[in-house]
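Here subunit A shows up in two complexes: once beside subunit B, once beside subunit C.
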Partner chain A sequence: MRAFLALARTALRQQMQYRSAALAGVATQLAFGFLYASVYQAFYAGGSGQGDLTLAQTVGYVWLSQGTYRMMPWSGLRDIDAMMRDGRIAFELVRPRDLFSMWYGRAMSLRTAPLLINLPLVLLAALLLPGDFRLRLALPMLPLGALSLLLGMLVSAAMTTILTGTYFWTVSGQGINRFLPMIGSFLAGNILPLGLLPAGLREALRLLPFASMLDAPLRILIGAVDVGAALQVVGLQLFWLVVLAALGRAVVGAGARKCMVQGG
Partner chain B sequence: MQEIIRVQDLCVRFFVRKRRSSLFAPREKAAVDALRGVSFSIAPGEIVGYLGPNGAGKSTTVKCLSGILTPTSGTADVLGRVPWRERVRHVREIGVVFGQRTQLWWDLPVQDSFDLLRDLYDLDARAYAQTRDRLVARMDIGDLLRTPVRQLSLGQRMRCDLVASLLHRPRILFLDEPTIGLDAVSKLSLRAFIRDLNREQGVTVLLTTHDMDDVEALCRRVLLIGRGRLLLDGSLDDLRRLAGGKRVCRAQVRKAEFPLPPGAALRSRRGEEVEIEFDPERLAADQLVLHLAKTAGLRDVQIQPPSLDETMAALYRQMGEVGA
Partner chain C sequence: MQAIRTYFVLALSDVRSQMQYRASFAMQTLGNFLASCVDFLGIAALFSSFGALQGWSLYEVAVLYGIVNLSFALAEGIGRGFDEFARTIREGNFDRVLLRPRGTLFQVLASRMEISRVGRLLQGAAVLALGLAGLPEPLGLGQGLLLAACVIGGTMLFLGVLFLQAAACFWTLESLEVFNILTYGGLQAVAYPLDIYQAWLRNFLLYVVPLGCLNYLPSAVLFGKDLPFPAWSAYLAPLAGAAFLALGALAWRAGVRHYRSSGS
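Up next is the complex of A and B:
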């Protein structure tokens, strides 16, 4: 446990080396938040709302998804990809630790660090905005929502670790780094709130692990579900966390066994 | 004495994919045998040089012994364990340095890497602090601890890497080309450090290197491998004998032209300085000197064994592996 936390802390410190990049990111996300919020206002004013979200909820969803933007598994652990290319991966294997736990710890901090910077700033900005632009949180759902957000981060970290494990089989991680996250971010509700999709599609997508990373906590936080449904959502997140963690362990384990460190 | 490392019939076969001749041709795989039945054992407290040309299988052996690589067949017993079967427990007792790669965290100050290793190895805080302070003082890196690793020179980084590999007080140290790219001062201090570590704490060292000065300074025993097979297990003299046991006669002569007796060959000539290589089995040294005195106008003479680098080059030529 101590080692796990130490790795997470170290990765966090590495992340914090790029503070100005993170702040620039916040500015971008604010701008996009405004854009999306305006688009949805026009959409709700002109169209017939087919989704299961109200305008206020959709705007809330937009702000929260901007704040949690970098919590999504946008790539595996890039430094592990680099280590596999240049052979430093050997040092990962001479540590008296299980590879999956080491990488999961790092993945956790990779997904948490930007959250610590982005979320408070975006929330603050959004809460101060006037009228239809304001983020309205469902205050009674806040504890469950926070729990769900934590689970979402853990599911995302598990996916990150699986992506990292696949690097064992590829010469470069760039392919999967570009491919899977683009699809995943749609499936998670990052590009379009899942609630705005046709009923059958959105119900199906909500069963997938990607929705457990983002759509689940967001829906709870904006009050789109009642307590009973929220508990079901959290239960599904727990299920995916267990499944993805087990899958990640299997992938990393199989990769390590076949890994033959070349060169030198 | 009880052996600390025992290797038996170690074989490692890699499969390398070949480029397809056309898009529809089946993918071909070529087998590469990195190790073909290597056996040796090492006693506690030895420093053994592990030599061979590039691609001979040195690093592959080290990877097997450090538990990173599972061999295709054969066994190894290191401190009573099979490294690749009990990797996690095994690696607590070994230290590994790959000279071409760093185990420190690139963006972090050296101290942070050390602390992280403390946590990764579950070291007792007080014992860790003692070991670290002793190593830091001995390697003289106290001033570097707050510097991010990326800002260190190669020599500084190597000293920090060596300290990092010893924080958990391993009983065996695998050094893979630890002096590669280092300047003379760093090399000498690194060698002295390794020698002291071996003498004072009895750490067993397996040293892979192409720097024959490292070998001469540190190793009484060497293992030579080529094309995945063990070719020699013996002393440096055994190594020289294997290379043909030639001697080099460096002489100053007045005459520009002179005949050489059978068993001797002129290697180079610069002004009055000549280098003659001869085989002491066929031509005794005194005969050669006598001959030079009579025919070449000898002024000065020195007879030496060839340098280890020359010995190794001769050996590798025999093995037909140069440039492989």
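Up next is the complex of A and C:
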């Protein structure tokens, strides 16, 4: 556990070096949030559609998904794919720590550290906006929402570790690693709120692990579910966390066993 | 004539070097294609849920989307050298450009041609075709020419943005990420009819970065929407792209005059 925390802290400090990039990210996320909010307002002006979200909830969802943009598993751990190619992976394998836990710790900080700057700034701006653009959080649901967000990060980190594990086979870091994040971001509700999709589709997608990363905490935070339903959602997140962590351990373990490092 | 031949000799040699990694090229193109498909899938899902957007149907919005995405893919493919220009400056490679007996703009343009953008190109063309298939009557010759002019004008406009972005590097020495708001944000914004935005944003997209002139104005005329402009203005609108490109070229010249070598 101590080693885990130390690794997480190092990765966190690394992230904090890129402050100006982070601010550019915040500006981009605010601009996109504003655009999406305008588009949804226009759609809602013509009727409320087949979704299960109100306009205010949809706008809230937009701001929260912009603030947590970098939490999504956009890729596996950086550098590991290069290590697979040039053999430096050997150093990773001989460390006296469990490989999966080590990578999982790094994945967790990769997914959470950018949020330390982005999330508060985006949310602060969104809470101050006028009228229909303002972010409205469901205050009584905040504790449960925060817990769900933490679980979302843990699920996302597990997904990141699985992607990293597949580098043992793909070596180039391409293939599945290019497509899964893109399709996953749609399935998670990052492209548009799952709540705006037709009923059958949205209920099905919400059962998948992708929704447990983003859609689940966001729905709770904007107050689209009551306490009972929120507890079910959190339960589903816990289930996926256990499943994906086990899968990640299996993938990384199998990869490490078959991995053969040439000399040099 | 000679210049055009030289351009193709240089650009095609870059294409050949990318084709050496055939599998990588295929993956990147497929990734580019899928990413833009997921993007449009989101729009289609919104329409399936809400029906229409302030009087615009999915087909009509597909035309808006198709024109700009086709333009953007072309500009990104042709102007890749400007996208990576910050590195050219930092590494002192621009000195070599200055020594050769050709224009600087020409050389940077000819240095790269990114063919993986064929992915977005195909997707944009497919979406445009889908939109046109939904038109009540087939396009006349004049309208077809207008569409072609829009795609060319749009390509020029996006190239102009790339010129500006690269020209800024002469002062900042690093790539400014805020330009992504202009390119990707602009792309996102004009995928929907401009009527849905607040007046300042609509005016910005018509008169400052006139992306709206290249898809919204002509499409509105094509589909017989109400506009505060006379119909003939749609036929002049694609010229806005050429004007913006000229502006970008002027900025580039100012930048070159300001250039001081890093000396490395």
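What to note about this one:
Operating definition for what follows: the second predicted complex is superposed on the first by the 261 of 264 C-alpha atoms of A that agree within 3 Å, B and C clash if a C-alpha of one lies under 4 Å from a C-alpha of the other, contacts with A are read in each partner's own complex, and residues count from 1 in each chain.
Here is the rule we use: a residue touches a chain if its C-beta (ideal position, glycine included) is under 8 Å from a C-beta of that chain, and two chains touch if they have at least 3 such contacts.
Everything quoted here is computed from the prediction, not taken from an experiment.
Considered on the superposed subunit A, subunit B and subunit C are sterically compatible, since they fit side by side. With subunit A as vertex, the superposed Cα centres of subunit B and subunit C define an angle of 90 degrees, given in steps of 10.
By the touch criterion defined above, A:L93 reaches subunit B but does not reach subunit C. Of the two partner chains, subunit C is the only one touched by A:S185; subunit B is not.
Contacts of A:Q232 after superposition: neither subunit B nor subunit C is touched.
When subunit A is checked against subunit B and against subunit C, the one touching more of its residues turns out to be C. The gap separating subunit B from subunit C at its narrowest, counted between C-alpha atoms of the superposed chains, is 13 angstrom.
Across the interface of their complex, subunit A is touched by residues 14, 59, 63, 66-70, 87-89, 91-92, 94, 96, 98, 100-103, 105, 107-108, 112, 115-116, 119-122, 176 of subunit B. By the touch criterion given at the top, residues 2-3, 5-7, 10, 13-14, 17, 86-88, 90-91, 93-98, 102, 257, 259-261, 263-264 of subunit A touch subunit B in their complex. Taken together, the subunit A residues at the contact with subunit C in this complex read 21, 24-25, 27-28, 31-32, 35, 38-39, 41-47, 49-51, 172, 174-175, 178-179, 182-183, 185-186, 191-192, 196-198.
Only residues 24, 27-28, 30-31, 34-35, 38-39, 41-42, 45-46, 48-54, 176-178, 180-181, 184-185, 188-189, 192, 196-198, 201 of subunit C touch subunit A when the two sit together in their complex.
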